[in-house]
Every structure is written in structure tokens, then in C-alpha cells.
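In the part that follows, the structures are each spelled out as C-alpha cells.
Below are two complexes that have chain A in common, paired first with chain B and then with chain C.
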Partner chain A sequence: MNAVLRETTMVAPLSVQGLHHAYEGNPVLAGIDLALEPGSVLGLIGRNGAGKSTLIRAMVGLLEPSEGKASVFGEPALRLSDATKGRLSYVPQQPEALAWLTAEQMLDYIGRFYPRWDRSFAKQLMQRWQIPQNRLLAKLSPGERQRVELIRALASQPDLLVLDEPAAALDPVARRELLREVAVRAGEFGTTVLFSTHIVSDLERVASDIAFVHEGRLILRSTVDDTKERFMRLWLPPRLSAAAPEIALSHRQHGDGSISLVVERDSEGQWPQASHLQGARIDPLGLEDLFVEIAE
Partner chain B sequence: MNLLLILKAPWRSARAPVRWVMCGFFALLIIAAACILIFNKNRDGAVSDALGAVGFGLVYLWAFFVSHMLLMAMDARDLRIPQLQSSIVASLVLYAAICIVLPAIILGFLGGHALAIAFVMALCVLGGLFFAWLPRYFATPMGLLPALMIGARRVVDIPGPSRPEFLTWALPLTAVLTLLLVYRWRQLMRTRGMLEQGMRSPMVMQFRRIGENSWGTFGTAFTKETLSQQPAWMQAKADLRKVGPQAPLQAIRVALGGFYMPKTWRGILLTAAQFSFLLIIMAGVVLMIGLDSKISLYNALTHVALPLGAAFSTYGTALISIVTIARFSQRWRKTNTELPLLALMPGLGDAAKVKREFLRASLSLPMLWQIGFTVAMIAGALYLQVGTAIVASIAAAQLCCLALLPAVLLRVVGGRPLRAWMFAVGTLLMIILLNAGCVLPALARDSSLHPNIDYVALAVTAVWAVIGLVVVYLGRTGWRSLQHRPHAFLANQH
Partner chain C sequence: MDASLLTIQPASAEPIYRQIVEQLRRLIAGGQIAPGELLPSVRDVAGFHAINPMTVSRAYGMAESEGLLERLRGKGMVVAQVHRSTQTQAQRLGLLEPQLQALARQTTELELPAEPVLRRLSKLLGE
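And now, the complex of A and B:
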């Protein structure tokens, strides 16, 4: 019995293998493999149009990818059972669902379908976040609308919380509150969280892991701490440009012939040899700098 | 002012499929008018019929094609493009003059009364613009006008173009319509199409948005933008008492919103009140005619109320299909509305069951109305004894419009939606056929004046039969696609 229990709890809450997708022939996802550890908080980062939302939608079964598999708690994402759906909460970017209901009606309606729905939590959070209960969702501001969706997602007490740019419409105070709530969920209840964002500071504040999507590819997947330690910017003057390491996350040639590269420690934790050359310069990279260097 | 710009303005203001379809349609009617003039030995009848054909074409040409110049003028104003707006006004005046004067000269030369013909053409041009530019709530009653005119002429003396009294009402009406349209033009220029949303916006604003991937605002009756503009008292409240996992059908209806949403009694009355204005107009017209002591109530009912009801039912069936399809097409393109919610909501059952429940929820209510309209139409036609051919054309039209809804809906939910422009062209064709169908029963009652009406009805039925085959094909492919989809709530993105 215990063996069975352990096996079910060790199943990745969310995983994809060999995910490919294209819109009108333009590739959006190009072979993505990704799995979330139970209880982890994975921040998905990338530029606009990098494929983050498409990846998230494919992961939770809202999109049929051209190729590849996606599973949620071991079930095919496109054919989830009611039990698995009950463990999952997803909030899309700029949610607009059920605009004809009031916030109170919407939560009442949704709550009837989730076995672990926490009515008192929903009510408390509505009051704390000052959501007008009897106003139509259509008439709420984008920030208020986003917060209603977050309450909806959190009140179902999910084991897996998937948020697509949850902080986009929120003011800094509301953003902090959301991040705190996410951290509490992950820390105290072991909820697995996947969220996409442009805001790197949010990632640093709450994520345990980071995944960087660029042009439909997953070019980086690591823990946040490891990412900060593992990468740096290497600048080489023109005379040393030939010594640039072949493997680099980004490579930029400047007008004077010098080059900048984002390089990674090798398996023994050493920087590439070129970084030790006379005249070479190394700069530590914060997450934001790393993001900009790679994405540019 | 650049003459070439003035000449090309209508052509540049509309999308390619619209301009080609409308010009092709108008050319067909011109050819038909020419054939009538060549082959009909009765000179007066030929001129009258040719005038009808050209006028019919002009209404559509100005309503669906030339009216687009308003959109270009709005853009010119917003973008501060010099001279373009005045060139567009000049173009409108020039083409209106051509459309009025040219038929008047030709048909006048062939024996018609040139001045009367000019006023008929002017009314057609203005009527087309009136439909396209006035608030949308005028559009549906305008669709009923042909049926009303034909019916009313039996009980009320409305002098036609062949009589000298025609000018006594045509002249002031032309002046009033012109002034109204000038006022409306200026108003729309100032207010940017009445903010482009809601029933106060002109019909032509819909044409702007019907493009490759857009549906205009035909399907936006209950979207966030539209709802946010409505005052709170106008909004019907949802009745959630019977909603839950034990009643997935009701749950899906809540998620579909609008007419589908289970409402409180107050909400039902509110919705009914908002949509009963057409019935009030119809009842008012019949009452006004019935109050005339020279006309019996029976005559008023059979000659006015029945044709009006028939036109209402004809457009009703088609409009329900068009609006519902537009609504679902838009909804199935959005990834941030109800699709993710429904796709991931537990308690609705397995995918096959949810597909069934969804189809039941989405089709039962509109199709019930459509079946009601169809039965009423066929019963009315049989009661009026309009002839087998006409009944066949009515039945074919109604069945095609009715079948269109499930067929295209299956395509949408099955992941193979029609391109918006394809649907727009198909809808235009259907509206033209429906309008022709509205006139047929009335004409059939004057069989001595229109001896070939049965052949026309059979031709219309044949066209509907072809459309029916296309609809069946769409439904079949849509059904197969839906069977292959893992669940019903996958958004349609390219």
C-alpha cells in the first residue's frame, strides 16, 4: 500500500516530452522537454512570443500540440479525469471568463465543482483584496478581475497551480500579496506551482526553479540559486576574440571587434579557459541581466 | 481634389471579396434588367420590372459596398490625412448621381417616367445607406419593409412610380432621408462610429471587423466589452440554484452566458422586454391599419400582419444561426474566456459526455426557436395557398438556415471553423435569397401579373438545395472532426 502511495506521489505533477507546435506554419514550440518536481515553484521566463503561453496551454491540455506528449499527474493532459482536474488550477493571461456573473456568483458557481473548495478562504480573500462582490465581472478593472481569478484558483486548494502571467495586471501591493500566497501554498501545503512572467524580481522572490524559453526552445532549466552561480558574462577584446569558447548561451560581437558571451561553468564548476586570459573580463550576472543577454 | 482618388474611393474602401461579390451581384441584376427590356413585349411592364431589378441591386450595392466609404472617411479623419475625407464625400455624391441619373435616362428613353425613376433610384441609394449607417436597431425593421410594402399596398393606397401622385410622397421622403444621412455622417465622424460597439453603432462598423479572422460584433452581445457598457438594471441575473455537477447541462449553459444562461424570473422578463420591440412595431403597424374604418381587421391581418410575420420568421431563423455561429466562432478563438474553465472543470463527466451535453446546451434553445419559425412559415404559406413551388422554396430556405447552425457549430467546435470572410460571403448570399423569398409569396398572389413566378420559386429552391448540400458537407466534416478532438473546449488558433 505504502509503495503504491509513494509511486503516485512521486509522479511529476506536470511534464512534457518532445513538444512541437506551430501556428500557420510558424514554429512556436520546437521540441520542449520539461518536468516539474512535486512541491517546486517553477518560473517560466521568456520574451513576448517566445512560446510561454502556448507551452503552458499544451502542458495542461488546452492545446493539442503538433507533436509530443503532455501529462498532468501521469494522465494525458488532453484526457484528464475529473479527479485530476480537481487537483489542478489554471489562470490564463488576462482572464475574461463568465463576464455576465458577479464575482460572488462566479465563485459560488465554480466552487460547486471542486471537492476541496474552501468557501471561507474565498470569502476572506475577497474582503482582504477589496473585490466588489455584487458587481459584474465585466465591470471590474483588469487588476480586480485578475484577483478574482486568483481567488478562484487558490480556493480550490489545488495540488498544482498554473498561472500564466498572473502579475501582469496587478499593482505592486497586489503582486506582493500574490507572491506571498504562492510561497505559502508551496511552502506549507506542498503545492506545485508553474507560473510565467516577465518580471524577473518575482522569479527571484518566489521561484525555486527557473526555465527560460526562447524562440520555442527551452534553453535553460535550473534552480534559481544555481542559475545565479552558474553563468557569467565574458568580455574578450578584439585580439582575444579567436579564443572565445564555442559553447555559449549568447554571443555578441561589438563594433570594435570585441565580443561578449554568456558562459557557463563546466561540470567541475570551472569557468571556460578564455576567462583566465590576460585582458579578458568577467562580470557576474543577475537573473535580469542573464535574461536580457540571452534574449537580445 | 484628385479625380482618380474620387473614382477609386469605393473600390479601395471595401475588402476584395465584398467588392467582387457585390459588383458581380449588381452586374447580374443589370443583365437581368437588360434581358427583361429586350424580351418582354409589354413595354410598360418591362420598364417596371427592369426598374425593380436595378433598384433591388442598388439597395444592396449601397448598403454592403459603397457604404464602406464611411469607414475610410473615419480613418482619414483619425489619421489626419489631408483631402481624403472631402474626396470621399465627392465620390459619394458622384456615384449617387450616376446611380440616379443613368437609369433615369435609359429607362426614361425606353418609355418610363424619368423623374419618377430618378426618385426611385434615389430612394434605393438612400435606403441602402440608411441600413448601413443608422444604428443597428433600425436594421431588422428595415429588413421587414419590402414585405410590409407589398402587403400594405393591398389595403392602403401607396401610389407607385407609374402614377403622378408618386412624387408627392417620394420627394419629401428623399429630402428627409438625405438630411438624416447628412446628420448621421457628421455625427459618426465626430463620435467615431458611436464607439464602435453596441446597438447604437452603425451596421457598417460590423463590416469593418469581418475580416480574415474576425466576426465583427455580431457575436459580441454578451462579451465583457458590451456588458461593461450596459447599465446594471439592464443586466439579467443568473439563476444558479440548479447548477452543479449533478446538472452538467445547466452548468454549461451558465458558462455559455447570454440567452443560454439560466435566469431569474426578473431576468427572463428583462430579456424578453429588450427583444420584444419588433413585435411591438409589427403590432403597431397592424393596429394603425386596422383602425382605418375602410379596412377590415381580417384584411389588415392577412395582408399586413402575415407578410410581416413571415418576413420576421424568415430572418429570425437565419439571424439565430448567424448570430449563434458568430458567437461561438469568437468564443472558440479566445484562450482566456470560458474554454479553459470548462476544459479543466471537474464534475462534468468524461469527454464524450461533455461533448454531448455541450451540443445539447448550445443547440437546443436556438433550434427550438428556429423550428417554431419554420413551422409557422410553412403553416402560413399553406393557409395563404401560395402554391406548391412557393411552399417548397420557403421550406428549403428555412431548413437550410436551420441546418446551418449545427453544421457550422460542429466545424467550430471540431477545430475546423470557416474563415470569417467565407461565412460573410455565404451570409450575404443567404440574405439576398431570403429577401427574394420574402417577396415571392406576395407576388404569387398576383399570378396574372407574374405568370412565371413558379419558375422563379423553383429556381430559388434549386439554389437553396445546392446550399443545403454544402451545409450537409460542412456538418458531416464537422461531426467527424469533433469526434477526433480529445475534448470540446480546445481553442481554434492557427
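And now, the complex of A and C:
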């Protein structure tokens, strides 16, 4: 049954084109094109204020961008059918909805709208994540509140899961559990996942793809593996600074005249000439270092 | 073999699929997992380490094409029936290639001539 479902839905679960947005004249998104492949897990990374949350909200149709198009499973994000809404779960950074209900009441109520709602999973996770069942959502701590929302999002067994900074409110054990859920669902049910985070190692575990957002633009979009293999940090001492390759993702001159650059393999997999010079240093870059280098 | 035998360092600059293949090479070369032994399923490895299953599949696929693993129909991946002794010297030397390249690179960076480095290495090897 699942296979049939998937064949008819090879259209991108999420896609945006030419997205621009501004808050009171301050540009937040400055022309973003992005599409997710079915079954991929895309980690969105960027500094605070880079535009991640705005981008996510525009992608799922909770915000009307000043310019550009957004679609969810091929439908305009701002006018989703109920059927498509039922396939999507979104967890905002600060959940506020239905605060006058208890966690148990909320899950019970919401569950009725989802054909694939997994009641026993919700119950089990409520216990494991120690959510007080009979307290009003409004009285829960922000962390508990976000955990309830994650339970809601997972229990509906969505085809598309969108999480805005899900790790912020979780302790390391719960975070690992969430990552495990995400990983296994992507593998087994082909769930497509978009999540933003500033914890790069979380992203490195489960993401198949990565997108760096910086100052409202997408400065890098690739698979996680490819990103790790394609970039290196090249350091050149002062006497070699003239040999610095012209094309580099970042270019930093240090006080002593030496230079650090983020360089990329060419189409044949070779590093730029300068990296073979005597005295040049070349170091592998983890994603976090890469991000710091190019986002500074 | 149990999934816990693998160690995953997500923050390493080395992609996770390469970390897995590298560890399989060593575990097999070192005899910690024997020919014919069943590997944990992709799901088990992905679940245990909370990593993307596609990464595990990719690692298994690569290990299979290297001849380290064999796919048994209906069972999963097992360690290939190749004995360590039947691996050629060139194959075993190949396992050291990344370390040798790193050593060569650092030697150049330190502007050291090859000779004292080789002398020291010979000594470490007990020759």
C-alpha cells in the first residue's frame, strides 16, 4: 500500500522558489530556492536571525512571503487541502496552540483528525518523556510543551515532518531518542524530514542533506557526506599568500600575513594547486568548522 | 556482530559511511568478526546509533563491493569468506594508505627530509 502511495507522490514534498521576505523593511529572506526529495532528511543550519524560522514558516504556508512561491506536495502552501494537511506535521519553536487543554486532552482531540494516529505510541512517549498528563498545556514548562508537540507530530505518522529547532528543549537522552525516531522513520516509511538546528552534530547524525542559510540566502546546499569530502581548510604562510587560489568559499587574512581559505575539490577531485606547495597546510573540516568559516 | 561494536563520531570530518567501512575493514582484518558472521541489519545500526539508514546502506554497499561483505538472500549481510591470509600484501598495505598519506603530508608540512622519518619508522617496526 505504501509503495503505491509513494509512486503517486514523487513530487517534491516541499519546494520554494524565489522566496523573499522582509519584516518592516528589514529583509529576512533574500531569494531562496529549495526543494526536498521524498525520503530525504534535510538539516537547516544558520546563525540566530539568519532567517531559518521565517523560511520554514513560509515553506509550510504559515506565512505569506513578500515574493516567491511555496508548495507542499505540489499544492500551493497557502491553500493546502485537508488531505495534504493530514500528511504534514509541523512543530514550531514555541508552541502556543490549545493551551487551555491538558496534554492528554490535546492529543486525544488532535488525534481524531489524523487517519493514521498512533495512540499507543503517543501514550508510551508521554510516559517516557515524563509529561504531566493532567496539567494544562499553558502551565507546562517550555521544554515540556515542546515535547508534547513532538509527540503530537510523531504520533500522526506524517509523510512530511517539519521541526523548528526541536532539540532546544530536550535533554541529551530525549534528543537522541528523537533523532532515532527521525532516522528510523525516514528509512522505513520514507518520511521526509526538514529540521532546523544549531546543534551541528545532531544534523550530522541523521541528515542526508544540509542547507546553510546565511543572511537570508542559501550559501550551501549539498549532501552531508559530499560536504565533508569536498571542502578543506587551506592555510598559507605569509610568503605564499600570493599563491592563494582566487576561488574560495571564505578568505581570511591573519595578523601575521598568513591566510586561511576554505577550498573545494575541482571536478576531478583535486585540491587547488596552492595546497601542494611546500609550507602549505591543509586540514579536513567538520561541518561545524566549515559553517563557522563561511558564516563569519 | 552487534551494532554497538561500531563507534560513530558524527562531528568528525570523515563522513559516517566511511567511518563504518573503515571499522569493518579493521574488525575483519583483525579477526574480531569472522567470515560468515551476520552483520546487524541496517535498521539496527541506524536505530542504535541514531543515524540515517541510508548512510548505513551506503557503507554496507561499499564494503560489499570491496569484497568485505556478502549479501545472503533473505538473511542480510555476512562477512565474506575470504581469509586474512588470502588477502594479498597489496590489499593489506592498502588499509594503511590513509595513514601513510597523512604521515607524508605532515612530514612535508614540518619540512622534514624523508630519511630521518623513514629511519624512525623502521625502528618502530622493529627492524
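As a convention for this text, the second predicted complex is superposed on the first by the 288 of 296 C-alpha atoms of A that agree within 3 Å, B and C clash if a C-alpha of one lies under 4 Å from a C-alpha of the other, contacts with A are read in each partner's own complex, and residues count from 1 in each chain.
One rule holds for everything that comes next: contacts are C-beta pairs under 8 Å (C-beta built on N, C-alpha and C of every residue); 3 or more make two chains touch, one makes a residue touch a chain.
These numbers come from a predicted model, not from an experiment.
> Could you look at A:Phe189 and tell me whether it touches chain B, chain C, both or neither (first, second, both, neither)?
neither
> With the two complexes superposed on chain A, say which partner A:Tyr23 touches: chain B (first), chain C (second), both, or neither.
The first partner, chain B, only.
> In the superposed arrangement, which partner chain does A:Ser201 touch: chain B (first), chain C (second), both, or neither?
Only chain C is touched by A:Ser201; chain B is not.
> Looking only at contacts as defined up top, I'd like to know whether chain B or chain C touches more of chain A.
B
> Touching A:Gln278 in the superposition: chain B (first), chain C (second), both, neither?
After superposition on chain A, A:Gln278 lies in contact with chain C alone.
> Contact-wise, after the overlay, does A:Pro95 reach chain B, chain C, both or neither (first, second, both, neither)?
After superposing on A, A:Pro95 lies in contact with chain B but is clear of chain C.
> In the superposed arrangement, which partner chain does A:Asp108 touch: chain B (first), chain C (second), both, or neither?
The first partner, chain B, only.
> On chain A, what residues does chain B touch that chain C touches as well?
No residue sits in both footprints.
> Chain B touches which residues of chain A in the complex?
23-24, 53, 57, 60-64, 76, 78-80, 82-83, 85-86, 88-90, 92-101, 105, 108-110, 112-115, 136-139
> Given the complex with chain C, which residues does chain A contribute to the contact?
Those residues of chain A that touch chain C are 41, 176-177, 179-180, 183-184, 186-188, 200-202, 204-208, 224-225, 228-229, 278-282, 284-289.
> Along chain C, where are the residues that touch chain A in the complex?
8, 10-17, 42-43, 46-47, 49-55, 58, 105, 108-109, 111
> Can you list the chain B residues touching chain A in their complex?
Per the touch definition, chain B meets chain A at residues 222-225, 227-228, 232, 235, 238, 240, 243-245, 251, 254-255, 257-258, 261, 334-341, 343-349, 351, 415, 485-487, 489-491, 493-494.
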